[in-house]
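Two complexes, one shared chain (subunit A), two partners (subunit B, subunit C).
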Partner chain A sequence: MAKTLVFLEHHEGAVQKGALGVLAKVPDAHGALVGSGVRALANGLGTTVWVIDDDSLAAPLPQPRVDVLAKLVRDEGYDTVLFAQSVLAADVAAGLAARLEAGLNWGLVDFDGENGRAPALQDTVVVDVGWTSDVRIGIFRAGALDAGELGGPSDVRDAAVELESFSSLATMVEQAHAEQQGPSIEEADVIVAGGRGLGQPENFSLAEELAKALGGAVAATRAVVDAGWYPYSAQVGQTGKTVAPKLYVALGISGAIQHKVGMQGSNVIVAINKDPNAPIFEFADLGVVGDLHEIVPKLTELVRARRS
Partner chain B sequence: MSIRPSDYPPPWSPSEAVSAPSDPVDERIDVGFLIVGAGPAGLAAAIRLGQLIEEQPEVGERLGDVPVALLEKGKAPGSHLLSGAVVNPRALQRLFRGRRSLDELPFYGPVGAESVLFLTRRHALRIPTPPTMVNHRNLIASVSQLGRFLAEEAEELGVTLLPETTAETLLVDGGRVVGVRTGDRGRGRAGEELGNFEPGSDIAARVTILAEGTQGHLTGAALERFGLRGEHPQVWALGVKEVWKVPKPLDRVVHTMGWPLRPGKRYREFGGSFVYPMGDELVTIGMVVGLDYRDTELSVHDLLQELKTHPRMRRILEGGERVQWGAKTIPEGGFVALPKRFHAPGLLLCGDGVGLVNVPALKGIHYAIESGRLAAEAAWRTLERGVSARTALATYDDALRSSFIWRDLREVRNMRQAFGRGFYVGGALAGAMTASKGRFPPGDSATELDADQSLLRTSRASSYPAPDGKLTFDKLSSVFASGNRTRDDQPNHLRVRTRVPRELAELWAHMCPAQVYEVGEADGDDGLVEVRLAPSNCVQCGAITAKGGRLTPPEGGSGPEYTLT
Partner chain C sequence: MKIAVCVKAVPDAAAGRRLDPTTNRLDRSGELAISDFDTYAVEEALKLKESAGDGEVVVVSMGPARALDALRKALAMGADRAVLVTDSALEGSDLLGTSKALAGALEREGADLVLFGQQSADGGGACLWAAVAERLRRPVISQVSELTVEGSSLTGKRQTEFGYDTIRSELPAVVAVSDAINSPRYPSLKGIMGAKKKPQETFSAADVGGAGPVGTTVVATSPPPPRGEARKVEDDGSAAEKIVEFLAEKRLI
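The block that comes next holds the complex of A and B.
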């Protein structure tokens, strides 16, 4: 039986949803919380949670995290370390793999305690992936897992902090956040995405209003990002972000395969498009053929009424 | 008023691709021999140089830490290689003499039976195989797979391979080529430096061998800079092909002429299709059309889709699945469009870049390999004591002129041009040329620039089949099947006028197999329309360069990721 450790990345006082999903996915997995003042986050996860809490770990820098995780893996005999995809996770996982001479598989959507599964060839197939190293390191794809049922008291344990001399060479000068309202598209449960069918950039307000009413985020297709209607950070698809919300509402999106591969993991896909032959209707769960300029404002109104 | 693409030249000049070295001398990357392009020509040159170093290590030592470097703009060797391909093994046998047998190379076996068909909408008439097209003893291959194999071979011989690296400018110092400058990486759409910005570097070499393939970026600039252009201009064809997984094996190599192309002289439609088995499970099917065509609605991609609806083709593909798609241009000018010379101080030119293609035989890979090998030997001669570099490089021209490449190309030099007179007249003339071994007609027929052909408007596009996602496909899903996942927020690498007559915008929109160009609105009183671009769709086929624009290299690693083409 694998002895698995999950890196519990946290941000602004909450553990990231993706990391909780990984923890819930693997039975008997333990968690590792690394940071400063993070002890409270360890409660209620229903498993063993290592807390490595120190001022030197306040900044979200990868090297100190590699140090403490490597020590924990060696001291406690973990043979598997799993991460949920993020910029920090990618840095830490790569550093840890090098430090432990361990293999690293990324883009995982499943792990059975021994082997993983990951989409390949631009998501056209899912393949089995394995490790030949003593320690397995894996990164789960964003949105691959639900947070699921976690609960019950945690068995909180402390681990010591010993940093390598070179790990404190990098310091954080500034942490800046892109201006953003509402959740990011990788984290949102609901996404309202707009395509060329919106007609003009101003009509993105339709998508924004609906997203606000649903408590979701706004995404865009490559075509409209290319045309400068919406920022690149909101682009979903092959060359943008891959998302998997519970609900994906596609407004005026034809559904080219380049877009599909970025959102096909969504639980429920709703498409509104005036072209009945648009490919998106082949994989939408609910398709509405009609004029989005009429439908969307009414839909937004109904959602608001229902919510209030 | 008739419009010609050449009336709207791109905002680009060949001098942009030539510069003086700019890095401080101690920051330059010094290599012995530098090869640009990991295609059949560049890889053959690399392998031959590696062999020579192995044979004469004491001479090789004089080349420094990196004796041979090979630049490749694609993600990996083979990523940008696409061809039919039925390969004449002659040049590979010479390259590997005494070292490897052909059985060790990744071929799908020799051509068995072959048919040449003349198609009409519903029927197929078998015609005798023209002598130039006989493929007995030739081998079927994926040139992308062959490229990967040859790249491993080159690396084993100590060649330093640099993939995802473009050669952006030719470095010329004191009238001599001294290397290339590689392209920057990590620039944003407006050219600004992003967080992962990496500037290009000057790579300095004793000899630079350009093996860039069709529409070579630096090759074109070198031909201008050193006055090497031949008497007649180069012309191109555009090929679009698909690889299919099929339930029943195809037992023969098939070539077709006729439908869906039109025979009339005014259309200037020269081309045909090919269907080759790749083992028992795969079939490749492609359509090639000369870019001297005139119809603004002609789309080679859609003609290939139309071709697949022919009963004969349906039968081959039925129950199968498309696994890959790709497009590329082919230089078709042949002998009369060759450069005057194939070398300049510090520089050697080979392969498709200089148009070493035999159109009537549908072959060029073996010429690329042979020219790469000969270029390597000439480059090596610069190391001989008592031989000037100039004399050594000039031996490349002599070797090319006395090779089988020269004899082959001379014999068929006027055939392609004859088809500018329509299919039937062209076919009859080609027959006479074959019978006379090229002695008739005695002179050279001129080629005309593809971009000089005046445009013709028809309603051709209405006959293209609607994509069904099973047998026929749209352009965007085809771009996906090329493996292209180019970063969207990089600078536009396509130089075209963005306000042109509607006819020209429509020509580009239909021509481009990757849906890069879109016809916008007429936004002024002059009747011109806006051309909108989606450059990250580009599969770098090069057709735009033939028809009034200019393809320059995007960031290294961009473009298609072919594996089976």
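The block that comes next holds the complex of A and C.
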């Protein structure tokens, strides 16, 4: 009988939805909550939840988490450790894999207790993956699972903290806190998203005008957020938000897998890109190969005319 | 300061990437090139060396012997040396074996800073650096979009799902940089001409501590589930009208 542990990542007093989805997915899975002042989060999950609570674990850094999870896996005999994809989770999972010499499969969308399923190569092939090691480590793709139903009293247990000497050499100077500007893109029915193909930051006005005409919100890819063209709160994708609007209009976005996982749940996807080989055309309901600088202003005018 | 940059030779994007049906591994038989994401790490290493005024940049990779050709691009950009771990015993390595081989090579190099790109271009898990850092017992910072090195410590700005963290670490350290960190330079003609003459060394598995275990396996592969209709049109001047018609048909306007 498999003994499964799920890493319960949390931020600002809430366990992440993705991690709860993994916990709900696997029958009889236990949870591990690592941090400082996180005990209350263990309640109401209806399973055994290990709480590893210590000041030294306050910052969301991977290496101290590898230490405490490795100890827990060894002491309690877990044979499977599962994560929901995140920047932190990937680093913890890979460090743990090396520590325990445990195989790591990532990008999972399903797991049956023995094998996993992971679309690969930009979703052009579906791979059923297995493990040959004593301990199996898996990372679920962002947004792969619904939160599922969890509830009932938790069996909360404490585990000890023992850190390796090198695990505390990286320290948090300033931790991100969610900054919200304007309406949340997660609530919008229509999203117009811009990528590098817009050419320059000023051209985000094209996306803004079209979004206004359609009554929607503006989103952006990681590349343009990192480049400072648009605020982080508008970022869609693996390290940004996951959205599922009725309409997603992608302007100058190539559609790399890191972006796709954040918006593939959209009902209808329209893409405009000048590169006919852009991956986004593989999954857009309507793909237009052309110059967005010519098409978008016309499109905005037509939508306005139709709505007035 | 000595900086090692871990790079991966991947099948050229233009040639397409597919699984070899007999091994279920990525088909690497065609032209190889260093992953675009890795060029940002090479660029950052070169910038750090230039601003320090001295130092050495060595590119480190694991792969088939042919990968040396791909590593020459990093040498042409300005890296000083290339090290390739290549051995038939390492074919089919997953995260465990790859991290072990790279850590073995990096231990021989003894670099102050080890840089990675943000992911491989052929569908990796974007986490190799954390396994390498674990084996080297060094601190790791990933997804870094700004990096400064001062004396014996570094500061990195890390993007996560929640925004930007600022993290400081002592050297030696392992850092994975994002593609927002810089604009990689193009190799100059002089750089390309000089690349072949730069030192290029190969290590066997035994040189780096032996082949690691393999922890994962491919059970089966299958085509992706069929998706809904995907229409693709070339703009002939009427694209805006076509989009409006489409949106009306879907009752979205």
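What we mean here is this: the second predicted complex is superposed on the first by the 175 of 308 C-alpha atoms of A that agree within 3 Å, B and C clash if a C-alpha of one lies under 4 Å from a C-alpha of the other, contacts with A are read in each partner's own complex, and residues count from 1 in each chain.
One rule holds for everything that comes next: a residue touches a chain if its C-beta (ideal position, glycine included) is under 8 Å from a C-beta of that chain, and two chains touch if they have at least 3 such contacts.
For clarity, every value in this text was computed on a predicted model and none was experimentally measured.
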{"item": "Contacts of A:G262 with subunit B and subunit C, given as first, second, both or neither", "value": "neither"}
{"item": "Which of subunit B and subunit C A:G240 touches, first, second, both or neither", "value": "both"}
{"item": "Which of subunit B and subunit C A:Y232 touches, first, second, both or neither", "value": "both"}
{"item": "If touched residues of subunit A are counted for subunit B and for subunit C, the larger one", "value": "C"}
{"item": "Which of subunit B and subunit C A:A223 touches, first, second, both or neither", "value": "both"}
{"item": "First, second, both or neither for A:G35, with subunit B first and subunit C second", "value": "neither"}
{"item": "First, second, both or neither for A:G195, with subunit B first and subunit C second", "value": "neither"}
{"item": "Which of subunit B and subunit C A:M172 touches, first, second, both or neither", "value": "second"}
{"item": "Shared contact residues on subunit A - subunit B and subunit C", "value": "122, 222-223, 226-227, 232, 239-240, 257-258"}
{"item": "Subunit A to subunit C touching residues, read off their complex", "value": "11-12, 60-63, 66, 86-88, 90-95, 97-99, 101-107, 115, 119-133, 139, 164-167, 169-179, 190, 214, 222-223, 226-227, 232, 239-240, 246-247, 257-258, 268, 270, 272, 276, 281-291, 294-296, 298-299, 301-303, 306-307"}
{"item": "Subunit B-touching residues of subunit A, taken from the complex the two chains share", "value": "122, 222-223, 225-227, 232, 235, 238-240, 256-258, 279"}
{"item": "Residue ranges of subunit B touching subunit A (in the complex, touch as defined)", "value": "469, 476-477, 479-480, 483, 485-489, 532, 534, 536"}
{"item": "In the complex with subunit A, residue positions of subunit C that touch it", "value": "17-19, 24, 26, 94-96, 99-100, 119, 122-123, 125-135, 137-143, 145, 155, 158-170, 173, 178-180, 212-225, 227-235, 239-244, 246-248, 250, 252-253"}
